[in-house]
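Next, two complexes with subunit A in common: one pairs it with subunit B, the other with subunit C.
Right, the complex of A and B next:
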């Protein structure tokens, strides 16, 4: 067997990577790109299973993005255009498979950047990021921490943006004074619960009951809806429930005669919910993820190429699949492309430095700050404005873009308190 | 079979197992580590099935070992290999406690009872954030400490090093289980399965032997869980849910449980097909469907599992000349 010299872990792994590269010509990280060489980007998310709705539409959106970029000459590094290719890996939202997938993408496939959903799968991937120095992105900034400076949350600061919906509701409907909330008891549901509790308290809305946390394996939502309705709230909050929960919950609320206000983080495939309930029932539901044919996205501050055309193209190719993440990974790629071209390099460290060097970045919804030390121990989340979306006549429309940092300046202590109460601060992990 | 042929076979297998990671890509080595650990899980499951009882709580026992080992290493500072052994012991002890109510049932009722018991344990992990971490589970679990043997520097981020370590542990576990099955205890397990009334009439405590099988199988499942936890650095309740249990059942059913090697064949074949072949040929999103079709096809055309294919081949002299013992 081979006897390795005494090396640090990172040196050991990097030497091993180099050895594999020499042996397999697998296209592993290099210091210079060959002329016209295709740049590979990793996509590590659930593509099958219960959480696939937050992975697969993102990959589909990225494939459209790549086609558009490649047709326009690709990403330009040192004056030479390079095509982009996405390499997907279905991690099934399983930590073991996520680790194997991260190794495949980074070491075997030689990708230059890996996008993840994050959550339960991130802790198993973290050693791969730490050992290889690869740049990873997550949609869930609760994954962020000072131990891994190469993990960023550049698109979605879940669940902090939920405060914008509550604040908008409180300002526009001051007669709404009470609320209840339900959520699945997991890594996505709980940070969102803490955020909504802070937002409701900040808006002066009273919580009638403790959050109703249900098991992720729940299939019968009638008792959940009944329990929430029993306290006769003005607002029912569906937190960040998966679409597999939002749909039956909405159906149950409709069937049990609820006529009050509903707020939810996501409302994926809301047309299907409308078909099962009614246009009247859905009227006024507040959530956070717009359709991209929304006229508000044509504004100059929106950093996304032709959102309406993207929406149409997506729906033509993947009818009925548009959801919260359809555009998010593509938006991350816009930022990555901007930073890579600025750095004239696709090496992870160079791109990260270019992204963050001014302390600001071009977020899809406008210029935003690299932020988060208070909550995550590191300023690796890009935070600025976020849209408040309301269903009107069966169509989701952006009512307003609201500033997350402005809310945090007023109510940040509340958020930190609730995050601490739920053991979600970075130093409590 | 001549002894020299057995010796040659053992040496060839050992050489193959040692050389295997060096012909695989980095990510395939990761899959190899998980597959090695899963072989211990599915073989320990078979040990329980020898007594005729099929459980739906086996992966939860794996989780008990994983959680116990993770907590002992992280909160108490126990040396990781010792924590793994204590994790296995904890799983065995939990199984011993659970055996009291569970073995008041048998057959289908035991199956449902084991599922309920497993769900209770999973709910406890979710409910008690301290110390189990709630739904998010435990993160940053201490890895196996690196060490240098002179001829090999064991750096446990490297899947090759962890594969060798896991292989050693799993082979030791398989050897113990094999010895148990071939011992008089194993014969009693079979008797309890097929002729429990006759066994009782011979003075055998059927319940005690069922308990012994449950405790042993849970202990090895717990050891597998500990191996997994210290490799990936995280555990959460969803890792040990009914979906994972279905995987274990599938490996056992597709491979067959009549022989010691049946579940190993099932685990290896299905893992390679699911994690390597289907991914490599670009059927990433079609895997659940193809996996299901494979299961249905095996049940229809090889109802005794893939091991039956080996039997048939051996009968025509292409493979082993000896029939397995202790079939169903």
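Right, the complex of A and C next:
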């Protein structure tokens, strides 16, 4: 007869926890790809709701990317081509839905990589990443921290690239000396506020007011515009406001008679804003996201296959939907494909190791460094150049690519100070 | 500073105007039918999508489209009464739950029909009345204010001077007594739902070029409308209008002079303060509280 030692309730619970921890620490089992097996990639982002403009166009862009890659033979692992398939999950920018989505994609759908917008949704997903070892990407490196080793920010380094627009503005229009800023009070808005404040201070531009924060449920932006205009600024900064805020804000600034400089992180569907304002009002607005028919993207340092064709294809399939993220997730996939083929594996750990082993990577806007320990506590952000885009005669055009690390070398302490002031440094979360 | 105050006042007038239209409809439905219509924000949203479909899409004249928005959403209100609320008369909780379900159905239908993206609605005029360098009133906003005043006055006259209006008021005051007087509660409920829906619809149609139109746009409007009807006194039309003005001026003023986030907190604090000091609201009666 076999006898079992009697456990106290406390010992039983401790044993259970230890067992679960041991099981999860091993992560997902490594599985060899069968010949011709399709590789599934998770797309966990808002596809509906106020933040959908930074999710859905990205999935649409990925579908085009997958078609192109599959037509060209797919991802080649150990000499065998594998098609790519994206599995989308609408997290509605809701943390609980994001967590459920992450579990479904990783465990049920067997994806090999998960792309996210990040922000408010990442903390809920992080336990899934910790338990499974799955490789996730975010567009918001402010999600990064030393305890997120399998989270990377390989395309967009929001909001750090915003410094390039401010710096370009200060160099080209030195007569602009004062600014005000407004933002929605959330995980996308506040890091961007801290970054813009550092950028303005670094450029010697005085902030006339404390940042004007508004609730994400705001619908009437006339009071926000009135408040910003009341201090008579040279520059009005719209931070990283969602499209649903940028459009009515721009319209209100126009209707309330503003004629000064505007800078914004994004300007999605700017043709619609032009229709609500005027070509003259929009002239010279600075933002950070180019149209992909921009001649500057034909340069050799740009690592994206045929940007112009991608832009045309996207607009043909999804007219009026081109926005900031239409190309970004596809650009991440370019990097992932390169790393997977280099590693001859689609296992998350292998791909991550291949991606980062030299300390550099081929970012869409040129060779860049895996960077960020000073700011995020981990070098999981691929940072290099970023374009400064200006509206000219109703069309967005890249004026210059500027180096983010160069700016950081000069003003990094300012950025860290503002991030600290807003409680946004990784060690404050 | 004077210019800033004047501009803030004009901003608040606009907010008060459209909020009054939404809140008065909500109050009317509650008063006559005893149902809290959680789908009222979605009726506002439907009015905006009528503009998306007919004005942005088919290029029909804006005035005609706004009128269609009023009638169409009023008819949706009738549909709600016939399909849900009639069967749930005397069951306020059932009505509330049914309206939440209808809210989701409306959002899903609009998302299926138009997509989940933010819709582009071009301005119907870009004219601006320039009162001074810093005090400007866009004509689009002025029209919202004028139409709201006209409709609210018309509603007041309807309720005070017409036979149907008397019937509605009687039903709101005492349903049994009204029924004993030969007033059909079915008819008054239909009229209340049509008017409530129509007011939300026209508010959504008129403001569509000024806000971001999405299937979920009704959320923030309904939250503000609930604050307004609680402050004004649930069931009181006069209270709803007065509270809409107070809320709009307080919220707009705090946003302009302090912060938009603080403005939301102040709005909720206003509601809590009224509930503590005067639980029935400004004009509410004890049996409604």
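Definition applied: the second predicted complex is superposed on the first by the 399 of 429 C-alpha atoms of A that agree within 3 Å, B and C clash if a C-alpha of one lies under 4 Å from a C-alpha of the other, contacts with A are read in each partner's own complex, and residues count from 1 in each chain.
Here, contacts are C-beta pairs under 8 Å (C-beta built on N, C-alpha and C of every residue); 3 or more make two chains touch, one makes a residue touch a chain.
Here the structure is a predicted model, which means the values were calculated and not measured.
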| item | value |
| --- | --- |
| Which superposed partner A:212 touches (first subunit B, second subunit C, both, neither) | second |
| First, second, both or neither for A:185, with subunit B first and subunit C second | both |
| Which of subunit B and subunit C A:53 touches, first, second, both or neither | second |
| Which of subunit B and subunit C A:107 touches, first, second, both or neither | first |
| First (subunit B), second (subunit C), both or neither touched by A:96 | first |
| First (subunit B), second (subunit C), both or neither touched by A:423 | first |
| Touched partner set for A:257, first subunit B, second subunit C, both or neither | second |
| Which of subunit B and subunit C A:124 touches, first, second, both or neither | first |
| Subunit C-contacting residues of subunit A that also contact subunit B | 47-49, 56, 185, 215, 217 |
| In the complex with subunit B, residue positions of subunit A that touch it | 1-4, 6, 9, 12-13, 16-17, 20, 24, 26, 47-49, 56, 88-90, 93-97, 99-101, 103-104, 107-108, 120, 123-124, 126-127, 131, 185-187, 189-190, 215-217, 423, 429 |
| Interface residues, subunit C side, partner subunit A - complex | 4, 7-8, 11, 14-15, 111, 116-118, 120, 122-123, 126, 128, 130, 133-134, 136, 138, 141, 209-212, 214-217, 219-221, 223, 251-252, 255-257, 259-261, 263-264 |
| Subunit A - residues contacting subunit C, complex | 47-50, 52-53, 56, 185, 212-215, 217-220, 222-224, 226-227, 229-230, 243-245, 247-248, 251, 255-257, 269, 272, 275-276, 278, 320-321 |
| Footprint of subunit A on subunit B - complex, ascending | 25-27, 29-31, 34, 123, 126, 129-130, 134-137, 139-140, 143, 146, 148, 150-153, 155, 157-159, 228, 232-234, 236, 238-239, 241-242, 275, 279, 284-285, 287-288 |
